[in-house]
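The same subunit A turns up in both complexes below, where it pairs with subunit B and then with subunit C.
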Partner chain A sequence: MKVAVLSGKGGTGKTLLSVNLAAVSPRALYIDCDIEEPNGRLFFKPAFNKTEFVTVLVPEVKQTLCNGCRQCVDFCKFNALTYIKGKLVIFDSLCHSCNGCYTLCPKKALSPKKKRIGRIQRGVSRNVSVTTGILNVGEASGVPIIKKLIKSASASYALHIIDCPPGSSCIVMESIKEADYCILVAEPTIFGLHNLKMVDELVRLFNKPYGLILNKCMDPWDPIEAFCKERRINILGRIPLDQDISKLNSEGFILVRTKKAYKNFFSALLKTIQKEADNQTIIGA
Partner chain B sequence: MVIALPVNDNSVESGICCSFGRAPYFLIFDTKSKASLFLENYAIQEQEGAGIKAAQMIVDNRVDALLTPRCGENAARVFKTANIILYKTITDSVNDNIAAFQKNQLSVLSQTHAGFHGHNGE
Partner chain C sequence: MLSGKGGTGKTTVSSALIKLSEAKAYADCDVDAPNLHLIMSHTEVSKNRDFYGLPKAAINQKICIQCDLCRKMCQFDAVEKINNSYCIHDLACEGCGVCEMICPVRAITLKPSVVGDLMLYQNGSVFSTAKIRMGSGNSGKLVTAVKQELKAVAPQASFAIIDGSPGIGCPVIASLSGVDMVLIVAEPSVTGISDMKRIIATANQFLTPIAVCINKYDVNTIQTKRIEVYCRQHHISIIGYIPYDTEVVQAVNRNQSIIDIDCKAGSAVRKMFGIIEPFLKHTIRTKESKNE
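Up next is the complex of A and B:
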C-alpha cells in the first residue's frame, strides 16, 4: 500500500506522522518528497550508501549559428532566454525543460545539455528503508526529482510512506499521483483549516481515498469538526498538543522508538489507516 | 544619454514604482533631447522571470542607465551583459531623481536581491 501524507500548511506534522508510521510498521519504505526541505533523514539518521543525481535538459547556444531572430526568446513562457548585444543569454534556473526553444530554432543554434538539479539518496534505518530527494537551491522545479523518487520506489515493500511537500502545487500533485491512499494532516487553527480546504480539494480532484489526522489537538475545535462533518471527512486520529512529543520530536527522536505508549498509539493508528484504506479502495470512493 | 525609470503609471506625477520587473510602466528619458516616452511593461503579468523580460525591454530601447529603488539578480545579470548601469533612486519623485542623476548625485545600485519568484513581491 502506498500512503501519501500531505498538508496545505507546513509544520503541521507530516514528517512526524510519516516517520512514526513507517517506523512502527514491520517493514516499510519511507520516501521523502519534501525535496526543498527534506527532514525525515534527521529522524532516521540512515547512513546513505547510495546517491543518484537527477538531471534535466536545458538549452545550450552556439552563438555563431544564432541569427538573433528571437523566436526562442518570444516562445519561452518562463523567460529563461534573452537576446542582448547580439548574444543569446540563457537563465538555466528558470528553464522548465519544455524543449521548445531548440525545437523551434530555425538555425539549430540551440541544443540540449544535461544539468544536475538535485539528487536522491538511499539508506536504511532498522526496519525502514529511507529514500530522500534533495533539490539544489535556486532551481525552478523539483518535479523531475519527485518523478524519479516515485518511479524508483521498490515494489518489494508492502508499505510505502510518501512524505509530501507542503502546499498543493505541482510537486505535491506529483507526490500523490501513485498513492493508494492519502492522509491529510491539519492543525485545529484558522490557518490550519484554511489550508486543509486546499488539500481537501486537491485529493478530491485526484479522486483519492483519504482521511484526516488532527495534530496538536486540545479540546475539539468546532470549525474544523464542522468542516469534516460537512465534507464527510473521516478523522482517523488525533495527536495531542503535548510537551513530551514536541520535545522528543525537536530533538530528532522517533517517538515509537522511544516509548511503548507511542508505539501503541501509532500502531493502532496504522491499523486504522490500513483498514480504512482497504474499505475505501474496495468501495472505490 | 538615455535613462529609464520604473513608474506607477504613464505620467511623471505617478512616481517611482518600488519594483523594477513588475512596474506598470517605464519612463524612457533622453537627457540630451529631453524627449520622453512611457513604455507599458508587458512583463508584469508573467508568472516567472518578469524581471528578465522587463530588462530585455529596457535593453531593446537602447537605454544607458536605469534609475530604480531595487533590482532582482536575474535582471541585474541582463543589465550587466548589456552594460547598462543601475543607479539607486533617492525619492519617489521622477523629477527629483532625474535632476539628481544629471547632477551626478545618485549612487550606483550595487546590491541586488534574490527575487521573489512567484511570491507576488517584485
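Up next is the complex of A and C:
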C-alpha cells in the first residue's frame, strides 16, 4: 500500500508522522518527496550507499548555426530564451524542458544538453529503506526529482510512506499521484484549518481516499471538528501537544525507537490507517 | 520573511511586525497556504481579480486525425488516449505549446486558464494576497503577480513586509527577488537548522542581506546554540529571540496578532522591531557604498 502524507501548511508534523509510521511497521519504504527541505534523513540517519543524480534536458545553442530568426524566443512560453546583441542567450533555470525550441529551430542550431538539478539518495535504517530526493539550491522546480522518486520506488515493500512537501502546488500533486491513500496532517488552529480546507479540495480533485490526523492537540478545538463532520472526514488519530515529543523530535530522534509507549501509540495508529485505507480503497474501486 | 522549514512562525512574526511598523504595504506570498489575512482582519471587502496562468491545450475532436504525435511529444504526459479520442489532462498540462505547434491538422489550440485568485485590500494600508486554485500547479508566477499588484497600488510606501512560503523553490525565489532584506524565522531543531542553511544558501545566491530570529528558542537551548554558532561563522546577525509561549496559539485562534495581547512572545518581537530599522538602514548604506 502506498500512503502519502500531506498538509498544506508547513510544520504540522508530516515528517514526524511519516518517519514514525515507517519505523513502527515491520518493513517499509520511506520516500521523502519534500525535495526542497528533505528532513526524513535527519531522523533515520542512514548510511546512504547509493546516489543517483537527476538531470533534465535544457537547450544548448551553436551560435555559428543560429541565424537569429527568433522563432524559439517567440515560441518559449517560459521566457527561457532571449536574443541580445546578435546572440541567443538561454536561461537554464527558467526552462521547463518541453523540447519545443529544438523541435522548432529551422537551422538545427539548438540541441539538448543534460543539466543536474538534484540527486536521489538511498540507504537503510534498520527495518526501513530510506529514499530521499534533494533539490540543488537555486533550482526552481523539483518535479523531475519527484517523478523519478515515485517511478523508481521498489514494489517489493508492502508499505510505502510518501512524505510530501507542504503547500498544494505541482510538487504536491506529483507526490500524491500514485498514492493509494492520503493522510492529511493538520494542527488545531485557524491557520491549520484554513490550509486543511485547501488540501481537502486537492485530494478530492484527485479522487484519493483519505483521512486526517490532528497534531499538537490540546483541548478539542471545535471549528476543526465541525469541519470534519461537515465534510465527513474521518479523524484517524490525535497526537497531543507534548513537551517530551517536541524535545525528542527537535533532537532528531525517532519517537517509536526511544520509548515503548510511543511504539504502542504509532503501532495502533498504523493499524487504524491500514484498516481504514483497506475499507476505503475497496469502496473506491 | 522566510524560513525554509514550514510552521516556524513566519506569519505570526510577520503580522506582529506589520502592526508594529504600521506598514503601509504588505503581502502574503504563500499562495499555496495563505494565512496572513486571518490575522490582519480587514473589515472592508477585497478587490478580487482572476489570475491567468499559461493557456492550456485543448483538442478539437472533430479535426483530430489521431496521429498520436502530440502524445509522443508531450514531455508532461498530459495527452492521453481514452475511448478512442485524445484528451488533455489539465492538471498535467504546463501550457508549453509544443502540441499546438506540431499538430499537422491544427486541431489543438491553447485556451486561457484561471489558476489563482488575487485579492487586494485597501484601507489606509495596502494588503496584497492570493490563493492558488487547486490543481493549478506552478505558483511562482502568482507570487510575482502578488508583488506587482502591491507595487502598483502602493508605489510610495517606503517599507513593505512580504510573508513568504516554506521551501527554497520557485515561489520562494519569486518572493525573494528585489527585496532589501530577508528575515529568517529559524527554529531550534535539527530539521529547522538544516532548512535554515538551505534558505540562507538560496538568499546568498541573490546577494540579499540576511538576518535571523529564533522562534521558540527556549524549547531546545542546545540547538539554539548551534544556530548561534552557524550564524557567527557566516557573519549573519541574530536580531531576535522569541520564547515559546502558549498565548500565541490562543491569540491566533482569536484572529489576533501576538502584539495585540500582553505576552512574552509579543514583547520579544517588539524588542526585535527596534533593531530592524537600524539594521535595514545599515545594510542599505553598505550596499550603496559598495555600488559607488
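Everything that follows uses one rule, which is that the second predicted complex is superposed on the first by the 284 of 285 C-alpha atoms of A that agree within 3 Å, B and C clash if a C-alpha of one lies under 4 Å from a C-alpha of the other, contacts with A are read in each partner's own complex, and residues count from 1 in each chain.
Keep in mind that, in the parts below, a residue touches a chain if its C-beta (ideal position, glycine included) is under 8 Å from a C-beta of that chain, and two chains touch if they have at least 3 such contacts.
It should be emphasised that the depicted structure is a prediction, and the values quoted were computed from it without experimental measurement.
Measured by the number of subunit A residues touched, the leading partner among subunit B and subunit C is C. Of the two partner chains placed around the shared chain by superposition, subunit B is the only one that A:91 touches, whereas subunit C remains out of contact. Of the two partner chains, both subunit B and subunit C are touched by A:140. Of the two partner chains placed by the overlay, only subunit C lies in contact with A:11; subunit B stays clear of it.
When the two structures are aligned on the shared chain, A:99 is found in touch with subunit C, with no touch to subunit B.
When the shared chain is aligned, subunit B comes close enough to touch A:82, but subunit C does not.
Within the superposed three-chain model, A:246 lies in touch with subunit C and out of touch with subunit B [touch as defined at top].
Of the two partner chains placed by superposition, only subunit B is touched by A:73; subunit C is not.
Across the two superposed structures, the residue set of subunit A contacted by subunit B and also by subunit C is 77-78, 140. Chain contact summary for the complex, subunit C toward subunit A: residues 4-8, 11, 30, 32-35, 38, 54, 73, 75-76, 91, 94-98, 101-102, 131-132, 134-140, 165-173, 187-192, 194-195, 198, 201-202, 205, 219-220, 222-223, 249, 252-253, 255. By the touch rule above, subunit A contacts subunit C in their complex via residues 8-12, 15, 36-37, 39, 42, 75, 77-78, 96-100, 103-104, 135, 137-142, 165-173, 187, 189-191, 194-195, 198, 201-202, 205-206, 218, 221, 246-247, 249-252. Partner subunit A is touched in their complex by these residues of subunit B: 43, 46-50, 52-53, 55-56, 59, 74, 77-78, 81-83. By the touch criterion given at the top, residues 73, 77-80, 82-85, 87, 89, 91, 94, 140 of subunit A touch subunit B in their complex.
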